[in-house]
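So, here's a batch of structures to check.
Shared between the two complexes below is chain A, which pairs with chain B and chain C, respectively.
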Partner chain A sequence: MERKKIRKSDLGLWLDRIAEEYELIGPTEEEGVIGFEPVDTSAALKLDYTNSLIPPKSLFFPPAESLFSFRKRGREIELEETKPMERDRVVFGIRNCDVSSLSLLDAVFGEDLEDAYYLERRARTALIALACPTPPRSSCFCTTFDIDPLSPEGSDILLTDVGDVYLVDVTTERGEGLVALSGDLFSPLSADEAQELQPPPVQMRKLDVSELRERIEALWEDEYWEKLSLPCLGCGICTYVCPTCHCFDMVDVGSTSDGARYRCWDSCMYSDFALMASGENPRATKAERVRNRYFHKFSTFPSRYGTGYACVGCARCLVHCPAGTEITQVIEDILAKEEVSE
Partner chain B sequence: MSDNIYLPSIATVTEVRPETSDTSTFVVTFDDAKMRESFTYLPGQFVELSIFGVGGCPIGIASSPTEKGFLEFCVRAVGTVTNAIHDLEVGDKLGVRGPLGNSWPTEDVEGNDLLFIGGGIGLPPLRSLIHYVLDNRDRYGAVEIVYGARSPQDLVYKQELKEWEERPDVDLYVTVDAGDESWEGPVGFVPPFLREIDPSPENKVAFTCGPPIMIKLVVEALEDLDYADANIVTTLEMKMKCGVGKCGRCNIGDKYICRDGPVFTFEQLREIPGALEG
Partner chain C sequence: MQERLHEIVRKLLAEGAIEYFIGYGQGFEPHDVAPCFVAQEDEVEKLVWGPLCAHNLSKYALRAKELDGKVGLLVKGCDARAIVELVKQHQIERDEIVVVGVPCQGQVDLRKLEEVLGLPLEVVKGVEDVGDDFLVTVGEEKRKVPKEQVLRDKCFYCKHPNSFEYDFTLGDVMPFSIDADKGEFALVEELEQLSLEERRAFWQKQFARCIRCNACREVCYACYCKECIFDSLAPRWIEKPPLLGENEIYHLIRALHLAGRCIDCGECERVCPMNIPLGLLFKKVQKDIAELFDYEAGMDLDQVPPLIDFKLDDQDPFM
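Up next, the complex of A and B:
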């Protein structure tokens, strides 16, 4: 579809119109923390932000959600499925790293024996992506994984800030429907504008990861994992803020006569993650857990699902790791290590 | 939502048979008549059993699909959920989600002689296949069963072992790590016992399940007896939550034990980094 524009001053009108029809979710700020939250009006949105602390995967795969409730009457047990959502939703302001992460999560939750909770939320949620500010955060490295922060791929609509207006790229019918809600706020670009209104090119560090998978696979027995795991606190923040991590626990809350089964985010960095009741623990050491996490990202996830690496370069883990472990450094270490032994 | 992979079906305990001091067989039947009819499975598959308000855990199906209308589970009380299962009495209800995972290669081994090697509570997953084979006796060759437990009291299916002993078409060998005054059979660990029996690898597939250390030594013994890795089949266990390849817990390499297993040949396991560690 042809590129359009909308005046910045009109954005709120459009989003408010959307909020009449859909549950509108977008970036908000609370106590200095950016998060994707439902809002009643566009005025509640925070537009100058780099990205959220918790990735918007949480909108599709919540940190904790009830799968079903149970109730015991005498000896009978009644189960009731929990509906994943009520109204159709529009997520405004998602960044392309996080859009890409959803296609990776689609591979997991959409693999046969589909996860209906995740898939229903995906099917009933439109994405209005917002091209990243230029320059992006210094920690960002999404282009390493061939993610273009200015691409309309994977979202329904991409907005790009070019001064007084946003460029509007609509890629799906659902996106066209959202634009049509306030059609008069959008106008085509003149020939001159099409030339002039361009975002500045993205400059970002980009690592060459073309051989990352075969190189990490050669390092299974390497002592590197022991060394890498030494400063790790096992806190799990890297997995909590990761837009591609999908490990979860299933926990019953309430009593045996009245309660619910919840699905909650879990972390492979926890020592009891794979600990069995028998006392056996296949990943008993921190080094084994750290190795498992990086193997999952760079070897076993792409191998299983036929996707790219399970990292989108959002840099949340390296910004928030209390021990200062940077995944970019890990990638460089892995690549350098193989070179030495060659 | 249709096809909710996380929603268990309700079943009722119809019989509890104590096997050892900490292990019992639970026979369960789905409450829903349609479910009783439609629930099909293959030997080697497992389910997630739920005690609502406590949680769920993966348990292998110990009965065979040739036995209709009920499922059997042999459960050792070792963790939170399995202890809660042990609190169940006849008439109590629980959740059953499945069948999950792949199965023993029932079709691939038709015409072969079969060797089963079980240790302790590793016999129940094998028993599903043993029953299946004995119920389809003409499709399979000779059946040898090697079974061991820590003590005579720790042998499961004691009555059934007697029945297998008496069958002319089954060769049963039972050992215990340590006997007692009443035990007259062989004493010793399963792997050296297996070496003594010295079963020929000719046209034979070996199935083994037991504690990890037993499996490791059994496989070494089988290899010394010239069994090919492709003809040694085992079933693995790991902590599981979802049972459907989503929760990320039970991976070895790029395989999820719950989806791609639990049954693997040793040929497959040797290809997976870390699968044979520990």
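Up next, the complex of A and C:
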């Protein structure tokens, strides 16, 4: 579809119109933390942000969700399924690193076994992506994984800030429907504007990761993991702020006669993550757990799902790790390793 | 001071007195400082010291247990209270670690600095301590920021600008002349003025954000239990999903387990990705312990912690 534009001052009108028809979700700020939350009005959105702390994967794969509730009545057991969502949703302001992460999660929750909860949320949620500000955060490195922060791929609509207006690229029918809600706010670009109104190119560091998988697979026994894990505290921040991490646990909350089955996020950095009922722990040491996380991103995931690496270069883990572990440094270290040292 | 630090660590490593030294190193961004493990003499130059070295490295003293040799640690006066407590709580032997004490004139609270500058932290290229101010390099420009605007809360009522439990020290400093204007427990007292319902609403709003990443637990010097109550499967004291009720219990259990042991290092609040004011919760615990038992954790190796003490003439007014 042809590129359009919308005046910045009109964005709120459009989003408010969307909020009448859909559940509108976008970037908000609470106590200094940016997150994607449902809002009643566009006035509650925070447009001046680089990205959220918790990635928007949480909108499709929530930190805690009840799958069904159960109640025992005499000898009968009543089961009640929890509906994943009520209204169709529109997510405004998602960045392209996170859009890419959803296509990776689609492989996890959509192949072999289809996860009805995740897939329903995906099917009933439109994405209005917002191209990244220029310059991006100094920690960003999404281009390393061939993600273009200005691309409309993967979303329904991409907005690009070019001063007084947003450029509007609509890529799906669903996107066209959203634009049509306030069709009069959008106008085509004149020939001159199409030439002039271009976002500045995004400059960011880009690592050559073409050999990363081979390199890391050669390092299973390397002493590097021990060294890397020394400062690691074993908290779950890196996994919970990661847009591609997707491990979960299933627990029954309540009593045996009245409760609900929950799915909640779990973290491979926790010492009890792989602990078995027998007491055996296949990843008993921190070094093994740290190694596992990077192996999963750069070897296990691509080999299991036939995708690219399970990292989208958002750098959230790097920014928020309390022990200062930098994933880009890890990648560089792996690539620089000449041979295995034991 | 940094040179003196390098000199001491180089000597310790050369003599084989320690297996490795844990200090501060440069992080990813210029304003970032990260724990830095140094095992080789030629890595010693990586160690830095300055007003961005907020981390309490004493937690890493527990690593000494896993090693044949000793661990060296860079420890601020405030953080040394954790060393005192770890020894008192029989988690480390004092001679398993080598403590290099570093005098400190206050640490920057990065969240406050970001607020004061009104700019993202990535523009901060460096922070120097110049007495009652910090000199903050923003891009090419140097800005003077008064300490009272950006100091960590606990630095306002600092009791140990100089080291008091150490094997080596990098010297002494004069305490800075900032009038905190409020008492140590001022923020807690403000909260105590609220009604029970208001306080509950305040904390529920905070705990609702908790994602249970466990960073507050893992960074805490005193969380060394082999099996944490939160990880116990039988009995299961707390459910894993980060639901409000479970989160409340999580933080209240932590607060009570730390009573009489919390040394006010503020690490839980500093590492919390969700900006939950955990320091305030633990300040309340410290206040109660101070009022009930006239006790402050980590101040003195010989003082018996009140909650493991027993006195025949205890009045037990609540019994």
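Going forward, the second predicted complex is superposed on the first by the 337 of 342 C-alpha atoms of A that agree within 3 Å, B and C clash if a C-alpha of one lies under 4 Å from a C-alpha of the other, contacts with A are read in each partner's own complex, and residues count from 1 in each chain.
Here is the rule we go by: a contact is a pair of C-beta atoms (placed from the backbone, for glycine too) under 8 Å apart; a residue touches a chain by one contact, two chains touch by 3 or more.
It should be emphasised that the depicted structure is a prediction, and the values quoted were computed from it without experimental measurement.
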Do chain B and chain C fit side by side on chain A after the overlay, or clash? fit
Centred on chain A, what angle do chain B and chain C make, from Cα centres, as a multiple of 10°? 90
Touching A:230 in the superposition: chain B (first), chain C (second), both, neither? second
Larger residue footprint on chain A, choosing between chain B and chain C, goes to B
Quick check for you: in the superposed arrangement, does A:249 touch first (chain B), second (chain C), both or neither? both
Between chain B (first) and chain C (second), which does A:54 come into contact with in this model arrangement: first, second, both, or neither? second
Counting only touches as set out at the top, which of chain B and chain C does A:20 meet: first, second, both, neither? neither
Applying the document's definition of touch, where does A:208 land relative to chain B and chain C: first, second, both, or neither? neither
Taking the superposition as given, does A:296 touch the first partner, chain B, the second, chain C, both, or neither? first
Distance floor for C-alpha atoms, chain B against chain C, superposed on A, in Å, equals 6
Shared chain A footprint, chain B vs chain C, residue numbers 249, 251, 266
Considering only the defined contacts, which chain A positions touch chain B in the complex? 67-68, 70, 72, 75-77, 79, 81, 83-84, 108-109, 111, 113-117, 120, 217, 220, 245-252, 254-257, 259, 261, 263, 266, 268, 273-278, 280, 282, 292, 295-296, 299-301, 303-304
Counting only contacts in the complex, chain C reaches chain A at residues 20, 25, 27-29, 32-37, 55, 59-60, 63, 111, 120, 122, 206, 209, 211-215, 217-219, 231, 239-243, 270-271, 273-275
The chain B residues in contact with chain A across the complex are 1-8, 10, 50-57, 78-82, 91-93, 95, 212, 237-239, 241-242, 244-255, 259, 273-274, 277-278
For the chain A and chain C complex, residues of the former touching the latter: 30-33, 50, 53-54, 63-64, 137-139, 227, 230-231, 233-237, 240-241, 249, 251, 253, 262, 264-267, 270-272, 318-320, 322-324, 326, 328-329
